[in-house]
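Worksheet for the structure shown next.
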Amino acid sequence: MTSSTLESLLADVAGGRIAVPEALAQLPSAVSGSALTAEATVDLDRARRCGFPEVVFAQGKTAAAVVEIFERQHASGQRCFATRVSDEQAAAVRVRFPEVLENPVARTVRVGAPPDIQGTVVVVTAGTSDRPVAEEALETLHWMGCETDLVVDVGVAGPHRLPAQLKRLERADAIVVAAGMEGALPSVVGGWVACPVIAVPTSVGYGASFGGLAALLGMLNSCASNVTVVNIDAGFKAGYVAGMIARGRAT
Amino acid sequence: MTSSTLESLLADVAGGRIAVPEALAQLPSAVSGSALTAEATVDLDRARRCGFPEVVFAQGKTAAAVVEIFERQHASGQRCFATRVSDEQAAAVRVRFPEVLENPVARTVRVGAPPDIQGTVVVVTAGTSDRPVAEEALETLHWMGCETDLVVDVGVAGPHRLPAQLKRLERADAIVVAAGMEGALPSVVGGWVACPVIAVPTSVGYGASFGGLAALLGMLNSCASNVTVVNIDAGFKAGYVAGMIARGRAT
Amino acid sequence: MTSSTLESLLADVAGGRIAVPEALAQLPSAVSGSALTAEATVDLDRARRCGFPEVVFAQGKTAAAVVEIFERQHASGQRCFATRVSDEQAAAVRVRFPEVLENPVARTVRVGAPPDIQGTVVVVTAGTSDRPVAEEALETLHWMGCETDLVVDVGVAGPHRLPAQLKRLERADAIVVAAGMEGALPSVVGGWVACPVIAVPTSVGYGASFGGLAALLGMLNSCASNVTVVNIDAGFKAGYVAGMIARGRAT
Amino acid sequence: MTSSTLESLLADVAGGRIAVPEALAQLPSAVSGSALTAEATVDLDRARRCGFPEVVFAQGKTAAAVVEIFERQHASGQRCFATRVSDEQAAAVRVRFPEVLENPVARTVRVGAPPDIQGTVVVVTAGTSDRPVAEEALETLHWMGCETDLVVDVGVAGPHRLPAQLKRLERADAIVVAAGMEGALPSVVGGWVACPVIAVPTSVGYGASFGGLAALLGMLNSCASNVTVVNIDAGFKAGYVAGMIARGRAT
Amino acid sequence: MTSSTLESLLADVAGGRIAVPEALAQLPSAVSGSALTAEATVDLDRARRCGFPEVVFAQGKTAAAVVEIFERQHASGQRCFATRVSDEQAAAVRVRFPEVLENPVARTVRVGAPPDIQGTVVVVTAGTSDRPVAEEALETLHWMGCETDLVVDVGVAGPHRLPAQLKRLERADAIVVAAGMEGALPSVVGGWVACPVIAVPTSVGYGASFGGLAALLGMLNSCASNVTVVNIDAGFKAGYVAGMIARGRAT
Amino acid sequence: MTSSTLESLLADVAGGRIAVPEALAQLPSAVSGSALTAEATVDLDRARRCGFPEVVFAQGKTAAAVVEIFERQHASGQRCFATRVSDEQAAAVRVRFPEVLENPVARTVRVGAPPDIQGTVVVVTAGTSDRPVAEEALETLHWMGCETDLVVDVGVAGPHRLPAQLKRLERADAIVVAAGMEGALPSVVGGWVACPVIAVPTSVGYGASFGGLAALLGMLNSCASNVTVVNIDAGFKAGYVAGMIARGRAT
Amino acid sequence: MTSSTLESLLADVAGGRIAVPEALAQLPSAVSGSALTAEATVDLDRARRCGFPEVVFAQGKTAAAVVEIFERQHASGQRCFATRVSDEQAAAVRVRFPEVLENPVARTVRVGAPPDIQGTVVVVTAGTSDRPVAEEALETLHWMGCETDLVVDVGVAGPHRLPAQLKRLERADAIVVAAGMEGALPSVVGGWVACPVIAVPTSVGYGASFGGLAALLGMLNSCASNVTVVNIDAGFKAGYVAGMIARGRAT
Amino acid sequence: MTSSTLESLLADVAGGRIAVPEALAQLPSAVSGSALTAEATVDLDRARRCGFPEVVFAQGKTAAAVVEIFERQHASGQRCFATRVSDEQAAAVRVRFPEVLENPVARTVRVGAPPDIQGTVVVVTAGTSDRPVAEEALETLHWMGCETDLVVDVGVAGPHRLPAQLKRLERADAIVVAAGMEGALPSVVGGWVACPVIAVPTSVGYGASFGGLAALLGMLNSCASNVTVVNIDAGFKAGYVAGMIARGRAT
């Protein structure tokens, strides 16, 4: 449709090709510009508006719906990324897009080439069990086109391990720190570096960790000034914000 | 002391001016480099390590302690900034530093010229009552040397107000959104822009807002990918992280 | 029994057909008027008192009990509706009432023709995963005899999607909004329309959504004046109240 | 400004009086249509959009701001209403609008004549201490132009008191029930009537009432199908929704 | 009014003195029988129904209202009791009823002679600070006509203190145990005696006592079979239930 | 052992049959008098001390341990009762005690004849799903030797159902009320009767019932004076306390 | 009384000076041995049983009661210590015991000479505001007779500050760490030392610190093996346990 | 590497074998001294720093990772210990280390001879279901080289059972108390003994125990001065701290 943008709609009005009442009726869809399809509302305009295409949160969707969204994005020339992907969903994507990049630890799938590399993000974990959350962040960063570095198992109970990695941390434009239990690691990292630290609490722990609540509260109360927080186990969001910072403003 | 840095200490060892056992004993304080004084441990090294000098969280400190820290920072050529300042503390600083910049709404004091302006941060509030938190963020940004813009009273209950301000939002390198009650505004802002959004829940509300908990949980669960969260009423931290993003990495 | 209502009981007293002591004894059951059966207490009087027959909350009941209640309602000329129905319960109803209308997504079964259509309710979802709750609301509205419209996937992270659907929202006598995560959608919908909005938080989300608590608190603190809230995942109750509003007072 | 509505803006485009680029720039403010003033953003368009003018939540605002908003609304021919009004704010309004209607128990002020009476709402309280919340609901209903009836002190511990008032309840188009402690009254009221019940938990109680949380949870879990819930102590919102239901859709 | 009971109403119907329609209209108030007055709904029927007159929860009531309820009860020959009484309320009662019995620690007032003594209740406290709650229980028991014994300061940290008092505990028909902090005392008492133990958590403590929540949860999870629980600081209710048990069923 | 009670021990000391140092050593076990066995510490003295034998909480115990405790109690002439019994545990008891009384709904087993019937307890449920908790209470009461009556499905949403059963409630010496969701039924029952009401919240419900927390808080805040509360789903404890009240003090 | 211990009571029985029934009656008080006085139950036996005299928790006690307990302990030759002391209580103690040692920051008073010094405890604070809690711990340690060292302001945001103090930490037999906000410091300290760390969360912080809850949860989930936790702001208990560890078992 | 310690590094600098810039680069890893391997960061230095080797928290690790860590520790001459071990992990360790000591109730494996026995710890449980937590504590103590004693099933509901075991408790240098439900046992134990009590709440219970939260809060609020607390079900940590206390300071 030629009047799919506001500008062309207004031009049509100015040119007398569309009457005012009709223009009033078309205005909302012109503003939204979404490609409404049978089952899914794909936000094809998001890359322009927010800098990156829409990412599919696959949990609770059918495998067919995930594939359909990918097809629509692919047809529009956008690269595709889905998180919280089940085995069944991954298999359905693989059938349709054999070139898919899968990460079963992160539970993600990616289709399409990433943009040129720009910016560096270091992902840090407190313990081995925080790895899946870190992997989700890393996959997100690969999809966004960031250089990444993974520093594992430097939790505060071994206080000498982190200082040994400072050189790697200092290279970062932004740092993601995934930690469960008491969630103290972001505060310590934050005190050593001069870039934003995105803290992601993980549900690793037991008893009074209350599924990550203890780590979440700890990170929110961090005495380090450069620490912000995302949802429990939200590796994707931590990676996304870190990547956005590292790449600078999208244009 | 001449060996106040690691390098000079090592040089002294290499030059035979300091024996190995003595060097071992001096190593910790050389590493820390803190200027230990009678009452306070001022982290004078932080600007080098983290890009900005230490900021004083004045709550629970005596007025004398605040002044003493400022004096020590000032003597080192660092600019000074304190938050959560009481009337008594502000008065004490004013006596010693008549040039102080005070903001009674933000409850902050600043001494010393800010650096050259770099980067732009837009601070957004949902309602009038979120203003003090927004002011604390703004003062932080002024101290860091960022250009700022304040957009007030664009909460979601008046859904047409935010789109009218999009032009101003699009200029930002980072956005701070302060909101109480249901805390929905950051999600909506996040869906319109291509830069990180730092959400700061405020304790504005009543009943089931539980002192800001409702807004905090809402922001942590935001469906917008570019939203991270700081503590309730933490205007300083929101401003700090936004300023760090806007200025890029300190050197 | 001829004295099954208060009026006939009193008439019998006035006519001397029942003595005062006997009338005193019969009074409680005359007041209650419930049809007490072997296993279940079916509230056959509810349609007169509350405008609609009793609805069966099937969770925790045996399949036989669900069928028995339906039979009793059916024998009284009432239409039947059950929610939270298991596969086993649905199968048992299907054997006895082959004409049953089943919705496996909503987990509901209906028997009997709905009343004439009256009033319009629009059901809105923030994301695909909120669909089962929305379907439960829709089935309830069909059973009540309301016209319905379903608007899906217009969550706030794609802020342009909702305005594109305003025409459909404006046709509503009442709106049901189902949303998980931060639960911000009802506030935004509420700011656009002139009818009551029934917000139903869903347990969609992870981490600090705490099974729907974040959405629930968000909705309770909504800054939109026309938003009320029901229990987490309570599609039935949201639909029921919306239908009651849309149809006006039952007679 | 002549192009203050979308229609006139589009007409100007069609008539060649405004060029397309300029129209694109004016579009946002045309959509929003807010009367932006020095200190406050008054939503003068809300009456058209939502059926009733904006209501001022006075808590946290200066007395001057409340008066300014009232003046602007008054100048636009809208009637004014503010809740959570302090003594100082009420006095400031009284100076400017001597005809103000004040209710110190409800902590509200009203200026301007209500519309014609339409619909009936009954407000019910469980105990004497719930009165302020009930009064806030009543004032809201008077401002909206509804007939009201107040039934007090019929909590469930005196189970015979409610049935004695059934005739009054049956006259309602909608019912507001304010209750603290265990919050059981809405469930009982809901079982007797054929109209929606808006339950408002109050912070009345002590110990494990946790500031109204116990009542809130009780009401959300109500087994009565026609009960919805608003925030703790939210008399205004309960009254507003009940009034909206009672009056039917605004036009 | 001669038809103030159901029986006389029915007799009037049988005798033709009241027509059936009129009887239908009078039925609700005949069932309820409350003495409705200007400001307060006094439940004068409660002594017959529940064994004891209504008790006034004074918190949130005006002094005048407390006095009015007492006057009405007094006029009906009932004895009066109010809890959570402020100094102002107590003074107002004292003016009207100089014979009042006041307990400023318990914050209660009583008017009228108690019934004959029947049954024995022992009230036990863990620490000195639990005394006000214990006093409220004791006053309730005096008003009900129970023999009482007060055993103080036998918390579990001095584990030898309780066994020394076993003889006194064994005399009880019911025991009230008031404890704050960890609330362990009811479990220990429960293991020594053969009567019901009413546990009342107090808000005594700090930090993680969370206003009595820790004690409340501890008592609810008591491994002693004979322990039931009332609300935090609910000395009245603990005393009331204990007194009801000790006196046996009222007639 | 002949000196198994304090009296005989002291008599041995007085008679010179046991020296003082030896008596000091024997004192603790004389006081405790527990029959310590290989795996379990059975409290055979409890019947004397608390009026009833020990009841086995089977959850988390091996089937062998349950049988062993029963054997030891049986050998001492005590009757046996276990709650939260798994199928495997029930089967093991059945092999050893073929005369066992099993209730699979209540998940209890009993061995041994109950004492003579004394006292009456009515058990009331709000809905069908509360039945298992009610059955556990009933089994406890049968084991204690109380007459019981079960009134089901009289929740407050059908407010006319309870008054129809008042005659049955009035026969009770104590009443157990099991209710989930909002837990309002105990308050209503409490307002109609003159005996203690033991409220037992059940985990029936969904969403904001939070596993019974809503019902628990509701019952703790009950405005009825005669309501006490036990743990969520604690049918045993509710029955035990009610039975203890109904039977009067054990001797 | 000559039979104040079990041994002398038994000797009297053996010697025929006390009959068996009388001995049975005296047994409980012989076991307990408390000096029961008019107002207070002073546990004079505690020093023998637990190694240290009873400590007075002054909050909620009258000034007279505190003085009376001190007098009784003093008369028994025990040294006296009270925490959470108000100005009024401190003044009353000062009148009676002019030699009292007062610490207004810790809010403690001490009377009597401490025992010989034994063991070393280091008390560490994260920030200046944690000082009062640290002082309460220090006063407790002085009263117990431990050598102490106070290390302040070494929170994790300045990660170089703690290593600079390691020499002091390594001297400790036990370490007390007081920290608010995220409570991360005990984990870091625990990773550097070979002695038990007693973590005491403080209520320092704001927003999501929820009065110390965040720090408490963080410390409970500490990944350092040697960290145990006490109640929020419980400086006394932290000092007491650390002192007990440092001195070794009392004899 | 020869310069693996600080001392040798500095010696190399002094001897001119390493230049200052190179020394600066090597300093961090010299400080940390960790043996960095392919998959795991084993803290081989911990025994020197903290007195005991690192313990493996196996939950969430692969079986291969557990074996690899054990191999590395074994190669360094350290003894090995892992907790929260799955069947698969235990089997993998058994294949590699046939001499492994397994405890399936505790879910632990140990390899290597314990040190000489030093100190005595008594582990106490309230009920049979607390056994797994107690066993984890016992295994930890065996690995540390402490004498242990296990006292089971002495919960407060049988209050005479604990005093009968006092002789055993008095032998302890430290006591671990594991209890679920109300968690009252540590307070009672604490009141009888003169050594530290490490309280470990267990998740035993139901309903309002909320997975051990009730016991946790109870223990934190313990009125006994010598009670500290660890995480819910944290048998390892309780045992570790108790062992550390019992053995005295490691050298």
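Each chain gets a letter, A, B, C, D, E, F, G and H, in the order it is written, and its residues are counted from 1.
The criterion applied here is as follows: a contact is a pair of C-beta atoms (placed from the backbone, for glycine too) under 8 Å apart; a residue touches a chain by one contact, two chains touch by 3 or more.
Just so it is clear, the model here is predicted, and its values are computed rather than measured.
Of all chains in the assembly, those touching chain D and also chain H are A, B, E, F.
A rotation of 180 degrees, rounded to a multiple of 5, brings the CA atoms of chain B into register with those of chain F. When the interfaces E-F and C-E are ranked by C-beta pairs in contact, the top one is E-F. Both chain E and chain G derive from one sequence, and where they touch, under half of the residue numbers involved are common to the two copies.
Separation between the centroids of chain F and chain H, computed from CA atoms only, is 38 Å. Inter-chain spacing, taken between the CA centroids of chain D and chain G, is 54 Å. In this assembly, the C-alpha centroid of chain C lies 59 Å from the C-alpha centroid of chain G. In chain E, the residues that touch at least two other chains are 127, 158, 190-192, 207-209, 213, 216, 220-221, 225, 231-232.
Here the chains touching each other pair up as A-B, A-C, A-D, A-G, A-H, B-C, B-D, B-G, B-H, C-D, C-E, C-F, D-E, D-F, E-F, E-G, E-H, F-G, F-H, G-H. Those residues of chain H whose C-beta lies close enough to touch chain B in the complex are 6-7, 10-11, 13-14, 16, 19-20, 23-24, 27.
Interface residues of chain E, counted against chain G in their complex, comprise 127-129, 152-154, 158, 160-161, 163-167, 204, 206-209.
Chain contact summary for the complex, chain B toward chain A: residues 49-52, 55, 173, 190-196, 198, 216, 220-221, 225-232, 236-237, 240-241, 244-245, 248-250.
On chain C, the positions that touch chain B within their shared complex are 126-127, 155-159, 181-184, 187-188, 190-192, 205, 207-210, 213-215, 217-225.
Within the complex formed with chain B, the chain D residues making contact are 28-29, 31-34, 40-41, 43, 45-46, 57, 59-61, 65, 201, 203, 211-213, 216, 231-234.
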